[in-house]
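The same chain A turns up in both complexes below, where it pairs with chain B and then with chain C.
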Partner chain A sequence: MLDNKTYIQSFCTIQNNEIILDGASIFKLEPTTFLDFSKKAYQYFEINYSKFFKMDNLSKLAFLGAELLLENEINNTKENNIALVFANKSSSLDTDVKYQNSISDAENYFPSPAVFVYTLPNICLGEISIRHQLKSENSFFIFDAFNSAFMTNYAKVLLDSNKADKVLCGWVEYFDEEYKAFLYLVGREGNLEHKIETVLTEYNK
Partner chain B sequence: MEALKQELKEKIIDILNLEDIKLEEINDNDPLFGDGLGLDSIDALELIVMLDKDYGIKLVDPKEGKTIFQSIETMAAYIKENRTK
Partner chain C sequence: MTKEVYITETNCITPIGFDVATNIKNIIGSVSGIQLHQNTDLMKMPFYASIINDEAINSAFAKITSAENNTRLEKMMILALQPIVEKSKLDERTGFILSTTKGNITALKNPSSDNFQKAHLGQLAKNIADFFGFTTEPIVVSNACVSGILAVSVAKRLIQAGMFDNIFIVAGDEVSEFVLSGFNSFQAMSDSPCRPYSKNRNGVTLGEATAAVLVSSNKKNAKIKIIGDGSINDANHISGPSRTGEGLFRSIESALTEAKINANQIDYISAHGTATSFNDEMEAIAFNRLGLENIPVNSLKGFYGHTLGASGLLETVIGIESVLESKLFASLGFDEIGVSQSINIINKNEDKEMNYFLKTASGFGGCNTAVLFEKVK
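The block that comes next holds the complex of A and B.
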């Protein structure tokens, strides 16, 4: 079932105030907060989507990566069957802690609905799906560390079983200003073969 | 009343993260939902929390929000009438 070759068509890393697309640095700032970095990246790439500013940090991270990889992939005249397979280590803990802080004091108990809606990691997949009008398969997994073998096999199964035409895979880890996103688009055509070792090599760069 | 309206505009931009909307772009009678500021249902819940936190007003029936949150004008009038802090 997993004999068909698949290919990494494009990949993107976001960490340490820098965005690298297909191996080339395309945006970099001096050390700053993620709030500032993400806002400036949004402005630099001229993204016009005001809901971005309502997202939590994890969703902003995933959204920025997806924006760069899907920019030229989405065909507005047909349904785009691009599955989303994401994972991370800290789930939505960064936002969970913020929400917990808003309800921990009985004398000052004002839970924020806008924060609460992001207390699940897979909300970032919803944000990407809404933005690009995707009605495709999507899954979010939690691992101790980036699991290249699992991600590679899962994407191959989706493609080989025709559940998707392409798969956007992503590791999107965010907690307390520490972050790393590694997103890559997998399809049936391309030059860089989609293999466990290749994915791991690109992740570690 | 004018000061309260100004205060509400500032709070709405800040609390609802309306980064691309400037204070002077919000008119007192602009609809807050739909064609106006384009707020959504989560924003409505956030406004209910703001009424409680900043003005001591507890909305028992969230449906009341539909009339209260029509515009800055209606919000300010309701807060002026019902605030406890």
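The block that comes next holds the complex of A and C.
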């Protein structure tokens, strides 16, 4: 099992107010808040999807990365069986803390379903699936740090077992203005072989 | 050839028992863990929930260890895993998966850097792993309400990929102010014990539990074989299920294709059945689209409430006993069918020989998971 070669077809890093696609910087701002950065990136890439502004920070981060990698991948005339395998360290803690603050003070108690729904890390997978109409395999994992061995093996098993035609893998970490997204698309053809070491090297760049 | 993968050990910690046998005895006797609670630390108003007694947890925990620094949820998880791990050798071919939706979320109630660290799911997994001495890095599955059953699918796939020979899974979630207030803000909480698929159902009853299994490529002691799985998104809505049951339909279809069996060969479905209007209706539609309307189906939420990230694994543990003991358990709380398409709800305990058992779950984010099991011959 897992003898078939797989390839990284494209990859994207978002951190420090900058977006790097396939190794090239394509968008960069002077230091600013994530709210401002994400909004300006949305405008710069002319993304027309108003639901974006209802999302929490983690979903916005994941959404932006997926948008850049899937833009030219999705064929609207057919089914796109692209699995989503995402992970991070802080789960949905950024929104968890916001939600906790809304219920901690009896004098100022205002739990909101619009916030509560984002207290699950896999909501960002739902957002991406809806945007690109991906009725496909999806799962969210938590690790202390980016686990390239796990991500690589899991993506391969989805391809080898024909559960997916391609796999969008992503490390999407967000907590209190500290963020890093590293997303990459894995398929059965390409030039850059999909290996644990290659994935780790690109993540660390 | 693809490796065969089995579940060889099971256990669970719930309000109706701290081992599988006691849980089964209580299910047969229609004993539910759901009670009316008046606890203003959890919710201002009285509420129905299935909650484990603190003293029962502490005294059981004290019998196995003198460790003092574990949270309530960690104790519940350790209690579920302990009898299984005790029998096994842990090495670098042994994996550990922890499934939860909210983990130690209650730690956020009293802000401190210590408590903030505790609320990290990776920290929870590390605490459990260190207790038992797992040598490989823990894998946390946090995929809303499908987490528990998705963990089984992930374990099977990782063993088939050759990463591990054995994987221990523990799944757990607690009833907390955080989750109660959230479901309440959605107006999704039932004002009486939940009634899955019933005409008069009016929402979820929350519950807490932990469950543990050992997934192995070794057939020795096999209780059941995992033969197919799928975990496919609806791509429809983040806080409500697809009206057509698309993701669930496709998840089951994917599991059937992999298992190379037909829908009509399934003998029993342990469904999600949260007793919200939309979830139960969606499941009935998905089952009908697959021609599963006559297959006996139950939801165990009437016994346990919705135990979130634990539910899929807990309900698998009970489902395995159904197959092993050739017994279908009544779907507690069911009275009159309340979904628009007919499904075959089990309304009294009965004996039935079973070969194939399907477990399904669905959750926020549009996620769905289906896993097919086959009786070991």
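Things to note:
In the analysis below, the second predicted complex is superposed on the first by the 205 of 205 C-alpha atoms of A that agree within 3 Å, B and C clash if a C-alpha of one lies under 4 Å from a C-alpha of the other, contacts with A are read in each partner's own complex, and residues count from 1 in each chain.
The rule is short, and it goes like this: a contact is a pair of C-beta atoms (placed from the backbone, for glycine too) under 8 Å apart; a residue touches a chain by one contact, two chains touch by 3 or more.
As the structure is a computational prediction, the values presented were derived from the model and not from experiment.
In the superposition on chain A, A:140 makes contact with chain C only, while chain B stays out of contact range.
In the superposed model, A:103 lies in contact with chain C only, and not with chain B. In the superposition on chain A, contact is made by A:50 with chain B only, not with chain C. When both complexes are overlaid on chain A, the residue A:117 reaches chain B and chain C alike. Looking at the shared chain after the overlay, A:31 reaches neither chain B nor chain C. Greater residue coverage of chain A by touch, when chain B is weighed against chain C, goes to C.
Using the contact criterion defined above for the overlaid structures, shared-chain residue A:39 touches chain B, although it does not reach chain C.
When the shared chain is aligned, chain C comes close enough to touch A:163, but chain B does not.
Looking at chain A, you'll find residues 111-113, 117 touch chain B in one structure and chain C in the other. Across the interface of their complex, chain B is touched by residues 39, 50, 53-54, 110-114, 117 of chain A.
Of all residues in chain B, only 16-20, 38, 42-43, 45-46, 49, 52-53 touch chain A in the complex they form. Per the touch definition, chain A reaches chain C in the complex via residues 1-2, 84, 89-91, 93, 96-97, 99-100, 103-104, 111-113, 116-117, 119-123, 125-127, 129-130, 132-144, 147, 149-150, 153-154, 156-158, 160-161, 163. On the side of chain C, the complex with chain A involves touching residues 2-3, 101-103, 105, 108-109, 119-122, 125-126, 137, 139-144, 150, 154, 157-158, 160-163, 177-178, 181-182, 184-186, 230-239, 246-247, 250, 254, 258, 364-367.
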